[in-house]
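Please find one structure pasted underneath; my questions will follow.
Note that the chains take the letters A, B, C and D in the order they are written out, and that residue 1 is the start of every chain.
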Amino acid sequence: MTDHADRRLADHARLLVSCPDRHGIVAAVAGLLSELGANIVASDQHSTDPEGGRFFLRMEFHLDGLDGAREELERRFDEEIATRFAMTWRVSYPSEPKRLALLVSRRDHCLLDLLWRWRRGDLPCEIACVISNHPDCAESVAGFGVPFHHVPAERGSKAAAEAQILGLLEGRVDVVALARYMQILSDEFLVRVGVPVINIHHSFLPAFVGAGPYERAWERGVKLIGATAHYVTAELDEGPIIEQDIQRVSHRDTPAELARIGADIERTVFSRAVKWHLEDRILVYENRTIAFA
Amino acid sequence: MTDHADRRLADHARLLVSCPDRHGIVAAVAGLLSELGANIVASDQHSTDPEGGRFFLRMEFHLDGLDGAREELERRFDEEIATRFAMTWRVSYPSEPKRLALLVSRRDHCLLDLLWRWRRGDLPCEIACVISNHPDCAESVAGFGVPFHHVPAERGSKAAAEAQILGLLEGRVDVVALARYMQILSDEFLVRVGVPVINIHHSFLPAFVGAGPYERAWERGVKLIGATAHYVTAELDEGPIIEQDIQRVSHRDTPAELARIGADIERTVFSRAVKWHLEDRILVYENRTIAFA
Amino acid sequence: MTDHADRRLADHARLLVSCPDRHGIVAAVAGLLSELGANIVASDQHSTDPEGGRFFLRMEFHLDGLDGAREELERRFDEEIATRFAMTWRVSYPSEPKRLALLVSRRDHCLLDLLWRWRRGDLPCEIACVISNHPDCAESVAGFGVPFHHVPAERGSKAAAEAQILGLLEGRVDVVALARYMQILSDEFLVRVGVPVINIHHSFLPAFVGAGPYERAWERGVKLIGATAHYVTAELDEGPIIEQDIQRVSHRDTPAELARIGADIERTVFSRAVKWHLEDRILVYENRTIAFA
Amino acid sequence: MTDHADRRLADHARLLVSCPDRHGIVAAVAGLLSELGANIVASDQHSTDPEGGRFFLRMEFHLDGLDGAREELERRFDEEIATRFAMTWRVSYPSEPKRLALLVSRRDHCLLDLLWRWRRGDLPCEIACVISNHPDCAESVAGFGVPFHHVPAERGSKAAAEAQILGLLEGRVDVVALARYMQILSDEFLVRVGVPVINIHHSFLPAFVGAGPYERAWERGVKLIGATAHYVTAELDEGPIIEQDIQRVSHRDTPAELARIGADIERTVFSRAVKWHLEDRILVYENRTIAFA
């Protein structure tokens, strides 16, 4: 990245807001930003219902010398706007990219696709590490200059494995992405990890929740197969959906062929969902996502 | 249609075969057709497994003077081929288009789309009649010169209504298509009607079986909605899938908007599935379809 | 529509703005709307370049008693905002739906699709009339209760035909849509008609500009065919593109089959583009469109 | 691959036929295969016109002990069938995978996608080498255990560079694929290389032939961008199209963003086209392809 780009990035911020909908929110927010000298370069909003619903806002803005103005900006926003409108809010600074950890099992297609996009500068993040219950991907990951940790998930040692993973992640990551990690994480792990966890499921949810979706898709004789990226919650494959896509299949395709075709959708949907998360485009509300994509 | 086209149609036939897979089937079938002077103009085949699986074949062929040769063709095929390979088979003659009945409730999008394709010559069938439990579509149907029957489906009179429908259909149709008919047909009806029944379901099956799929899609927060055309069996929304398609939606779309967007997919999938059925492109095996489309 | 919906529509407006980009635009606009008591229910913005580019804004807002407040709203917006930011702007009121005229030749698929959607309440417009150089669609149009005018386009009488069409349209329409109207409109017509004209072209522009796109697509052996809705300008098929879509085809498809498959894309793209125009979602800048869809 | 899979592969063959259409072709071909004890496991056919057109056939068959029977099979096919029907034909043996060379410049997305698929066993070929006019991809290629050759393409040394490339390829490859190789190959090169050359062009051909397609797509304001895989002929971007696909874009996307989005389509279309070629699914006729995909 050039110095010029660095400087621009340094002056860039994203504001995320969620609050009860009422008159004057945009005017108040835009008014303060304008007063502070910021230029709004992108803005998305959504209301579940203008009368008594919930309002969501994502604004990207540019402010010369943002670094020195951050404290004032956040303080005044909190005092003058957030309290008045009962907002949940945060400001995110692209100059401080999120730290991502990847968990993977044997199949490498989601992992490699994401690492490759990261290397070419399409994913705004640092990659803290890759953790796998198999050693298979070690060499590929090394080629990207990313730390790789092999944490076996033997039957009976799940608690120990999760503790080891938590030890590797603690304080070092802002988001975890499961790039076809075939172990089910315990509720305790999800609580203790303390950051969002994104999963890619190899079906068009809510069809084929759980194991063996391609086999079951074949049995049901569907004409399209899909993949779904979602935030992980305690209930298996029931978390808020971030993104989905599908591909056409036919009676000629065996379950193995469905898995091969599906791999292309999985990696695309997975990379897209992670990218949107990293760019603060996804807000969660009542187990659904608002995707300002 | 011109005389020329009529003559070509008259000499055209489709052969549908299903049998245990083994060596020499294509050679035997093609050999007989060649002997009889037929030219194979299209051919599709599928085997669930070359070793011990089931084999499916669809051949379109052209034979000058087919009308006079039909009896010999069918007799020789039965004697020389079908018995030898333990085939289930039939020959279908495009010069005898299938007779289609349409059942509909209030929403007219699937019905109108199909009638309009039929009028412009894209659907090779006769339309015997349209039957509805509401009078709403009567005028539209009249515009196409198709008989319309209003058979109310009041609570408690279902058996009588189904009997009346059966009376209208009996001996007059080769296939029934439910163009968003919102009544569940009884098992007895399905047995007595004696012809295939095609339904369009407004979800991407097996997701959202049953009532209210758009509301449930909205609740689950899916990013794509779909429609599924399938043959009706005794088990609700569980019959063999003929065709499916999807459309992208977002957090902005209310359930009503999903229904509006979905209507476009429903009519497309419905018309495509009916067309394929009319052209003998769909074979059913173990609750899945082989779609030679 | 219920009284309740009418009342809501009556209090609804859309603001469209285009101006040089600079700090404070959103704050100023949102500030005035807030002062007037309006609630912004949707907002989209785009900047070609935050430094020295052009800024585009579409805001939907709700204001109780809008009817009585319109004059003040427009006057204050002009005086306090528009002049300051050198804006091109307009406010559009959904309670005054646009008046649409449709021109068509023989093929009815785009016309009927649009009329169906309009009858279902999906297209917010009045349909002033349908004009055709052939009588073929007269009966279908009559079924919708829409006036139909047959204006033949004989060789040599083009000027007279165009004059007759202008006479039918003058002062009665806000937008004209060419639903597969196979006559090229003269530059003079385009100037004199004085309202936007939307065309549907049966190719994926800029591929296959001009006549016979399906034949030429077949000759080139493309694997996808498309359709393009665009505003008509003096240069044939070169106007700003509103929407495009494609469909997969194969070596099996003859030019006639491409035309049949393409009809489905044409009508979808056409209806979508007209709907977006009617909802004031399309802004034109330097022969491209900003589509707030 | 297991021994079992190896054995099955060894007994597998593909027959490709092109000839004037007439009665009895399928019967004759299937008859001979049946006589020889082969089982047809897949069959596709196409006729440009049953009356006086050209006929194309692709049959996959299985024959126990094929290796020992190849000579007899080919001899009898030539003598008994090919001559009689004036066929152009060949038999291809999956046990002898094609040898592929890849040419690439700086952008690695098509190259890596193909190498990943190859490593996973999805592409039935040997990769002879990767040749590039830049050293950038050397390390990535090394990770796959594939030879990499850097052949600079300086201004004025084109003939020498092409001669060097020809020296590397001569007698060692069955197909060449240009994975975003940004040099135009001379007619002489195409003649001397003597094997098919597949190119990926970053537009939806025939739109945006030549240089800078994303910039030109942006200027024209298209709403979809595409990629096209085609066989290279002397005329730039005019060779037979193997496969195409598109992706939706919007007014928000800059040319750089179009290139980023387009990279995903390019690699998908490229890998698909190369795979189909390797599986003998593509026949060329009059600058179009018959794609038995």
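The rule is short, and it goes like this: a residue touches a chain if its C-beta (ideal position, glycine included) is under 8 Å from a C-beta of that chain, and two chains touch if they have at least 3 such contacts.
Predicted model only: the values in this text are computed from it and were never measured.
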Any idea whether B-C or C-D has more C-beta pairs in contact? C-D
Taking each chain's centre as the mean of its CA atoms, which one is farthest from the centre of chain A? B
Take the average of all CA coordinates in chain C, do the same for chain D, and state the distance between these two points in whole angstrom. 42
Distance-wise, how many Å sit between the C-alpha centres of chain B and chain C, to the nearest whole number? 37
Residues of chain B whose C-beta touches two or more other chains: none
In the complex of these two chains, what residues of chain A are touching chain C? 21-24, 26-28, 30-31, 33-35, 37-45, 47, 50, 62
Could you pull out which chain C residues touch chain D in their complex? 46, 204-208, 219-224, 226, 240-246, 250-252, 287-291
In their shared complex, at which residues does chain B touch chain C? 109, 112, 116, 120, 122, 139-140, 143, 260, 264, 268
